[in-house]
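Here's the structure we're looking at; comments come further down.
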Amino acid sequence: MDKKIKVIIWNEFVHERENNALGDYIRTIYPDGIHRHLARALAAEDLQITTVTLQDEAQGLPPERLDDTDVLLWWGHCAHDQVEDTLAERIALRVFRGMGLIVLHSGHLSKPFRRLMGTPCRLRWREVGEKERVWGCATGHPIVQGVPESFVLPHSEMYGEPFDLPGDGQVITMSWYEGGNVFRSGMAFQRGSGRIFYFSPGHETYPIYHDPNVLTILGNAIRWATPTVIVPERLTPSPVSVEPIHTANPLASLDTSALHQ
Amino acid sequence: MDKKIKVIIWNEFVHERENNALGDYIRTIYPDGIHRHLARALAAEDLQITTVTLQDEAQGLPPERLDDTDVLLWWGHCAHDQVEDTLAERIALRVFRGMGLIVLHSGHLSKPFRRLMGTPCRLRWREVGEKERVWGCATGHPIVQGVPESFVLPHSEMYGEPFDLPGDGQVITMSWYEGGNVFRSGMAFQRGSGRIFYFSPGHETYPIYHDPNVLTILGNAIRWATPTVIVPERLTPSPVSVEPIHTANPLASLDTSALHQ
Amino acid sequence: MDKKIKVIIWNEFVHERENNALGDYIRTIYPDGIHRHLARALAAEDLQITTVTLQDEAQGLPPERLDDTDVLLWWGHCAHDQVEDTLAERIALRVFRGMGLIVLHSGHLSKPFRRLMGTPCRLRWREVGEKERVWGCATGHPIVQGVPESFVLPHSEMYGEPFDLPGDGQVITMSWYEGGNVFRSGMAFQRGSGRIFYFSPGHETYPIYHDPNVLTILGNAIRWATPTVIVPERLTPSPVSVEPIHTANPLASLDTSALHQ
Amino acid sequence: MDKKIKVIIWNEFVHERENNALGDYIRTIYPDGIHRHLARALAAEDLQITTVTLQDEAQGLPPERLDDTDVLLWWGHCAHDQVEDTLAERIALRVFRGMGLIVLHSGHLSKPFRRLMGTPCRLRWREVGEKERVWGCATGHPIVQGVPESFVLPHSEMYGEPFDLPGDGQVITMSWYEGGNVFRSGMAFQRGSGRIFYFSPGHETYPIYHDPNVLTILGNAIRWATPTVIVPERLTPSPVSVEPIHTANPLASLDTSALHQ
């Protein structure tokens, strides 16, 4: 019961609500938002899934809520700039303390992801409905359990290399595109005690989050990213040494505390 | 002549100017600022060194100046918060395009370094004038050429583990402290086309930047971090595929451009 | 019951059996071998621990036994050369398929570890009974749960940097030595589906494997290294493409099978 | 003059000499061996290129020759097993001391490469003459200077993921195959002081080493892998401490030298 993994799916929730042809089309696939669709599609006995949106109080993640989250899924596309810097910073620190973070598709440019990667996270892209083939490159990794060595998404937005990432990501999946591009489409990172998974397959207007292999990967990623421990806020001063110091302090009589304020 | 490496040493330049006992003491070691001392101590035929400070126009690094810099050295301690976010972002992008960045001592908490690492960059610290011994761990690395396998700093501020860093840094030096601590004191990173070196030895009130081994390491790091190329601003859209796409676009008649704005 | 983690502790078992003063002394600490001592000290409900030695049939690890092992602990010191290359190769492949491997102290030069690291794995060493202080650098990592931020081993053999390792290890612990050295004493690696932990604290003539913090770390490491899956032997040929190939094979009439034998 | 980079191209030189239809065909592309073709195609003012083969004395690399090499290129396919383990070990150590190593195509299974990677280095493969498209993923990296963001090899052998590699390689190029596969086709590693580049494009029966982009990449890789320093054979004992040890050695009267033989 209280052992359930506390999952929050965050959605900027903009395009799905628009009163235009695009919004109409998106609602044929995600009638009440990508977040609610994913919550239903990923529902399981061991998960306690909640959804929040950018429009909610404190942009959906007030401190007490964020501090009660095990794994956060992040969908954003056109409203990255509206996310407050302080929220991105709080998320990054929560990840560093142990929370899992799963960044979806266009979230590669979201503030929390870029904050945690430290890189621009740019990529090449093209939206013409071409075929994507996803390869599991990390055989045996928990995130690709239960999916075939490769599988097809009949229509996808192309996300291609070069992908601006730091060097310590583990390549979990790579994607092949009909139009000739390749991409590290599933990347796992460790930052402090927290695990991060970026997964590019996903879109507003292609029903990619209805694909069973994609859902298996996201479900696996949630379990993989679940913290084993949330570390407390750490201390940094260590004024008393643990071994005896024989060297006399040449500045013992000088007040240098101003250096450390 | 025009082949010289263009080095800028940035200093927040606060403590060295203070009218108090601490400022007086610092000026016995660095009479006109750490930046000017380093510029003199690192002067060499192949380097064109300039110094700038937080007090200068555009905080010392207007775009045209930053865009003409090969290697940037960064000293900051008490004024990290005064550095503009946009400057930190411009520095990070310039590093990504190829510029070298050398982060000194308390710069571990500076905005440019934390921005590039994506981690909190915290560490344990203690200032009691204890002995530090620096070990070159990456034998043969250009940064430790000309320094002994280990050397002593008679008085140093302790910077100790745990040090919050991403996983892909190369350990160039590690430090031993009399008081029982250990630290990855010299860490090399690659971010995009740029190289970053963090080096913890250095202080306002200990004459560490007068130590010949420390200066050798900093000089080596400048050459190591010099860009071989500055990559142009990159493009991200790739609307025309490089291979023929046989799949029909199911959304050819739908205007999805709003997704990409 | 059958969910227990199958642990094998391998010992070359040479020094503990010698009929001389050194052997006599070692037996005051490890009366019937380091392997049997560790088996008792690490005994727990969730572990099914077996011990084997170099003197056993097939050097203790016939294929069917190795293929039934979840986590292998390895102690070797003077008899590394006697381990058959084929055994080291089988162990490396089993690790790649998912088995955990915990390499103890002088095992840094063992064939299985060097085979898996691909590096010489040399280090500096000194045996004068000096004090070692072990620091947990990866706060929140499962391997250091339940141990203090640092702890002391009153007498230890110094193992110091530089340590010849590949670049993708995670620093779990670092050690400080009274004599001025530092060392990455606990290093975690992933190779294929398997996890590897190297831990340097340990010795024949100092009672380090009686230290509760050391035992906590080894016990944690066993659970951390337990496979979630053992991947099957992998295939490499892929003669039938998963996407249609329109390019005519210019060598369709040439028998090139000899290239792949 | 004596500043030229000393390059050795090693070839097992088997298929090019065979008296059969396959050999006849290969000789239409590489009349006197892949090694001699590459030596001509890569010839440049700053390179002193020599070729050796498996059939030469000491398999082409007696110690004095290997110890005089800056960068070694390795072609092998069917004769990997004939390479002596001691030669692979000598090469690995020379790399660790600083020599560059460039491993070509089927050399992924060669003894020196597998020895240095520590992994099985397997991959998926198919030889039907399909199209390969190579993407430069590390914009600005010296190895991809002068080549377009992507380029085509009209006919190639497919080498596909999963590719069994350690986690610290830098992805320099990735390949797209007409038949639906993807591959990290250009991977850079650092081992000790030496640099390693694996590049999969290349084949006996497709004229891939006549492709100007491929040759540009190989030429770039040679310069990139050129050592800045060859480190001397390292010492490991460190019997005299660099800091005073106050702890009495409890085993001062016991001869433990047998532990270190």
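Each chain carries a letter (A, B, C and D) given by its place in the written order, and its residues are counted from 1.
Rule of thumb we're sticking to: a contact is a pair of C-beta atoms (placed from the backbone, for glycine too) under 8 Å apart; a residue touches a chain by one contact, two chains touch by 3 or more.
Quick caveat, the model's predicted, so the values are computed rather than measured.
The minimum number of touch steps separating subunit C from subunit D is 1. Each of B-D and A-D has its own count of C-beta contacts, and the greater count is at A-D. Put simply, the chain farthest from subunit B by mean CA position is C.
By the residue-number overlap criterion, the interface of subunit A with subunit C counts as same, with over half of its numbers used by both chains.
Spacing of subunit A relative to subunit D, judged by their CA centroids, is 36 angstrom.
Averaged C-alpha coordinates give centres for subunit B and subunit D that are 33 Å from one another. Subunit A has residues 133, 139, 150, 160, 162, 167-168, 170, 176-178, 180-181, 190, 192, 234, 242-243 in contact with two or more other chains. Residues 97-98, 133, 139-142, 145, 150, 168, 170, 176, 178, 190, 192-193, 228-231, 234, 242-243 of subunit A are the ones touching subunit C in the complex.
Listing the residues of subunit A that touch subunit B in their complex gives 15, 18, 20-22, 25, 77-78, 85, 92-93, 96, 106, 115-120, 122-131, 154-155, 158, 160, 162, 164, 166-168, 177-181, 190-192, 204-206, 234-243, 245-252, 254-256, 258-261.
Subunit C makes touch with subunit B in their complex at residues 133, 135-139, 149-150, 160-163, 167-168, 170-171, 174-177, 180-182, 184.
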